[in-house]
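Sharing a structure, written as structure tokens. Questions coming.
Note that the chains are named A, B, C and D in the order they appear, and that numbering of residues resets to 1 at the start of each chain.
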Amino acid sequence: ELGNFSEDCFKINPDYVRSFVFESKLMPSTWIVIRIDGCHFHRFSDVHEFNKPNDKQALDLMNLCAVAVLEEFQDIVFSYGVSDEYSFVLKKDSQLYQRQASKIVSAVVSFFSSVYVMKWKDVFQEKDLKYPPSFDGRAVCYPSNEILQDYLAWRQVDCHINNQYNTCFWSLVKLGKSKTEAQNYLKGTQAREKNELLLKEFGINYNTLPLMFRQGSSIFRVKTENTAMLESDASSIVKTETKIIREYCNIIEQSFWEAHPSILN
Amino acid sequence: ELGNFSEDCFKINPDYVRSFVFESKLMPSTWIVIRIDGCHFHRFSDVHEFNKPNDKQALDLMNLCAVAVLEEFQDIVFSYGVSDEYSFVLKKDSQLYQRQASKIVSAVVSFFSSVYVMKWKDVFQEKDLKYPPSFDGRAVCYPSNEILQDYLAWRQVDCHINNQYNTCFWSLVKLGKSKTEAQNYLKGTQAREKNELLLKEFGINYNTLPLMFRQGSSIFRVKTENTAMLESDASSIVKTETKIIREYCNIIEQSFWEAHPSILN
Amino acid sequence: ELGNFSEDCFKINPDYVRSFVFESKLMPSTWIVIRIDGCHFHRFSDVHEFNKPNDKQALDLMNLCAVAVLEEFQDIVFSYGVSDEYSFVLKKDSQLYQRQASKIVSAVVSFFSSVYVMKWKDVFQEKDLKYPPSFDGRAVCYPSNEILQDYLAWRQVDCHINNQYNTCFWSLVKLGKSKTEAQNYLKGTQAREKNELLLKEFGINYNTLPLMFRQGSSIFRVKTENTAMLESDASSIVKTETKIIREYCNIIEQSFWEAHPSILN
Amino acid sequence: ELGNFSEDCFKINPDYVRSFVFESKLMPSTWIVIRIDGCHFHRFSDVHEFNKPNDKQALDLMNLCAVAVLEEFQDIVFSYGVSDEYSFVLKKDSQLYQRQASKIVSAVVSFFSSVYVMKWKDVFQEKDLKYPPSFDGRAVCYPSNEILQDYLAWRQVDCHINNQYNTCFWSLVKLGKSKTEAQNYLKGTQAREKNELLLKEFGINYNTLPLMFRQGSSIFRVKTENTAMLESDASSIVKTETKIIREYCNIIEQSFWEAHPSILN
């Protein structure tokens, strides 16, 4: 009866097969961070000849993808990106996919990847995408605002430390040193020494480098209130609008969060 | 010292922040199945005007992506696709990403999504991709060959049942019935009745429909042994080659697995 | 060489065997509640002829066990017991067993069970323990004080509702009704009606029943500061002492937590 | 209305509170091993003056508890004990507590602990139990017979290695060496050397020590078929009986499993 299938298929018990599925639900009332990282992006950036230490176009593309992710997933309230990684923060009471970890992670990383390929030519008009990029992802929960802010601060400190190191490293390489020589040269140097090296040897004032390179990119929603005066009776109505904006700003200091109270509340 | 960062960043304890990461490792020595499903593909297939009940090009694209996944992830031994879903089977002793569920799922689903966008124009020359497609994914483990085969058989039975229903449904709709009328008409009908309906009302012999629609697509590795005769001394050497092939075949019956013993062993 | 073992034992790879162990670590910085429940205590209370609806001695024994648990596990800051269940709250930053769920749950439930048997005769001088009691347990995490308090309030509301119902039920049964008749009689009655029934039919003023029965038992640590005046120089020193105390009190209202700020801080 | 509770309790949403409960279900169709270990048993054996390196009575008590566990939990097919640890194997398709890890682990460890206290005086007539013993536990799943047997073999090899070491160690200590001296003396010695030490220095032929010390204890179910001849018509009926037996045997070699095929099938 079943087309050209034998009766073997009647032996299958779907409930039994399905019983192997396990659900990993993320704890309710906690901040969910979806962090994605480029897979083998060392090679990817070589093949696609990204500028070192930072490729503005590559970062712009990452940011375009992140904006698209925030447009697609309404529950994401904040995101922070640096290099080939991006962290997306879902609001505490999000019920996206009933908080199933693998569904949320996979849907976000899949959408991000699709946009990356679709928008490649918008950013890299002169370069072809030579093979499919991919990202891995994972979900982590943070039970309080403080710990969430610590997480994001940690990523920004990492951005800074890596950027300072890489700026020195690639300056030395461009000067003619081998990668190993540059590595050895920088081993054990402090932040101040690196800044001095940049200034004295290469005439680079670290603090004047583009903010995007030094601070990473923060993309988040802001609520704006527009007050419209009605001519008829001179009364006013307030309309709340939500916009997605991108900033290269210091998210370690409390002032950022105080300036944007709607993100965490 | 740290660029324009205040001393706030020294308060962050990376070990503490990292302690919130949890690892969900998949049980060793079990078959890992990564199953991906299109997100909101009902709308996606409407917007992109896919043929109903089956769009050959859309399925071809899914299959191209699956082949690319098998080329990228050497540990995948078998995959089965139907409609907008695909199941990828990793070998029992795979150590991919140390068997971390979220890494494996996200890397596979991300790569699949990238390829889907990159190869769209290869398949749909006449159609533009209107917005980024996305897939969700999850991992399930099966402890024995029997249960893995039951899982795959279950997917193929589902393929058959859905295809038979959808072929009837869309034939009725093309005839002028509304979707609700078609639904009601088919409610409670058996497989035999559906086949009769197709034959009598629409002149469709279900069993002559394309195998890809009725059986789904199996993409897997086969090992072939090539014996080369050396001219010099008339001795022969055997070279094992692994190829990725695509078949529209019955995977419910044991004969398939007996014909391809290298898949599960 | 290995005693009378054959060489088979050299084939075992302990690392491989150990790789099947999975660790389920509880999220850092969240309240851990270990909840234990008597296994088959309906039968246990019948066999040991516990008074219905409440057996003061049985509850005293549960409370003795809970005190012992708090003495043994320093990280437990609060516990609440009703009937054959007990909830133990570990402080947010507890590192007990590195927060491994199964270790914490099993150690607490095992210790509780041992004490239950050891102290049985202290409470039930006239009754023998006829077979080994057992309890099951589980761990749940709560990310904030509010949700932890909601959990505890929920248990106390349950205590109240069950106690009011059971007081009516067993009064009716003692009056000669069958259990089914008593059940039907009470079906759908409201709290006020149950109180009226008790008062009018049985002369029981619900609000004068023992607090332990109506409110359950709270066992927790309190810090007391003792100021000692030194004779020598008339200076004083403050010694902080921690005591474990047992109260039958309302833990739903904020006033309890305000009166004991050291529990949650 | 609710006794002396304020209206605060109406604010609690039980579904929300319950949503924090997570279930960790053990994979279907895999062997579940519940392994329990004495908590701080180094101290426990000192306080209760257990004989070193092995206390026959202490091991007898562990074995009595294990027998009681098998009588209580019908799904346990095999158990193996050594020192203060015991491993209980549940049959592959057990549905005990719907395979919820924490329920199974806690119920087994709680029952074991209760029996340990209840039966103490049966074994140690001359010794009082000075404080409540406790055990921790955990569940591990094994997907095949081979890996389960490897796990059990690993425990028995451990038993042997520890017993040989401890027999040497305590012989040296009894001779007057300090614990540190004994430790240093044995550092790096091979199995053969330890056996020679025992024989030459202490006149102990390791292989004649009690089997319980050298092999650990295996407690399991055996099915026996009793054929009863009916006098009336000389026909016979076969009755299958299941008995729990205790053996000190080699479970590393296949012959044991072949002799008791009903354990794993």
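FYI, a contact is a pair of C-beta atoms (placed from the backbone, for glycine too) under 8 Å apart; a residue touches a chain by one contact, two chains touch by 3 or more.
Not measured: the values here are computed from a predicted model.
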Winner on C-beta contact pairs when B-C is weighed against A-C: A-C
Would you mind checking which chain's C-alpha centre is most distant from the centre of subunit B? C
Could you grab the centroid distance between subunit A and subunit B? Build each centroid from C-alpha atoms only and quote it in angstrom. 28
Rounded to a whole Å, what is the gap between the Cα centroids of subunit B and subunit C? 50
So what's the Cα centroid distance for subunit A and subunit C, whole Å? 45
Quick check: what residues of subunit B touch more than one other chain, meaning two or more? 16, 20, 22, 27, 141, 147
Show which residues of subunit D lie in contact with subunit A when the two form their complex. 16, 19-20, 22, 25, 27-28
Of all residues in subunit A, which touch subunit C in the complex? 27, 29-30, 141, 143-144, 147
Please output the residues of subunit B touching subunit A within their complex, sorted ascending. 1-6, 8-9, 12-14, 16-17, 20-22, 24, 36, 39, 68, 72, 97, 100-103, 105-107, 109-118, 129, 132-142, 147, 150-151, 153-154, 156-157, 160-161, 164, 190-192, 195, 206-207, 214, 250, 252-254
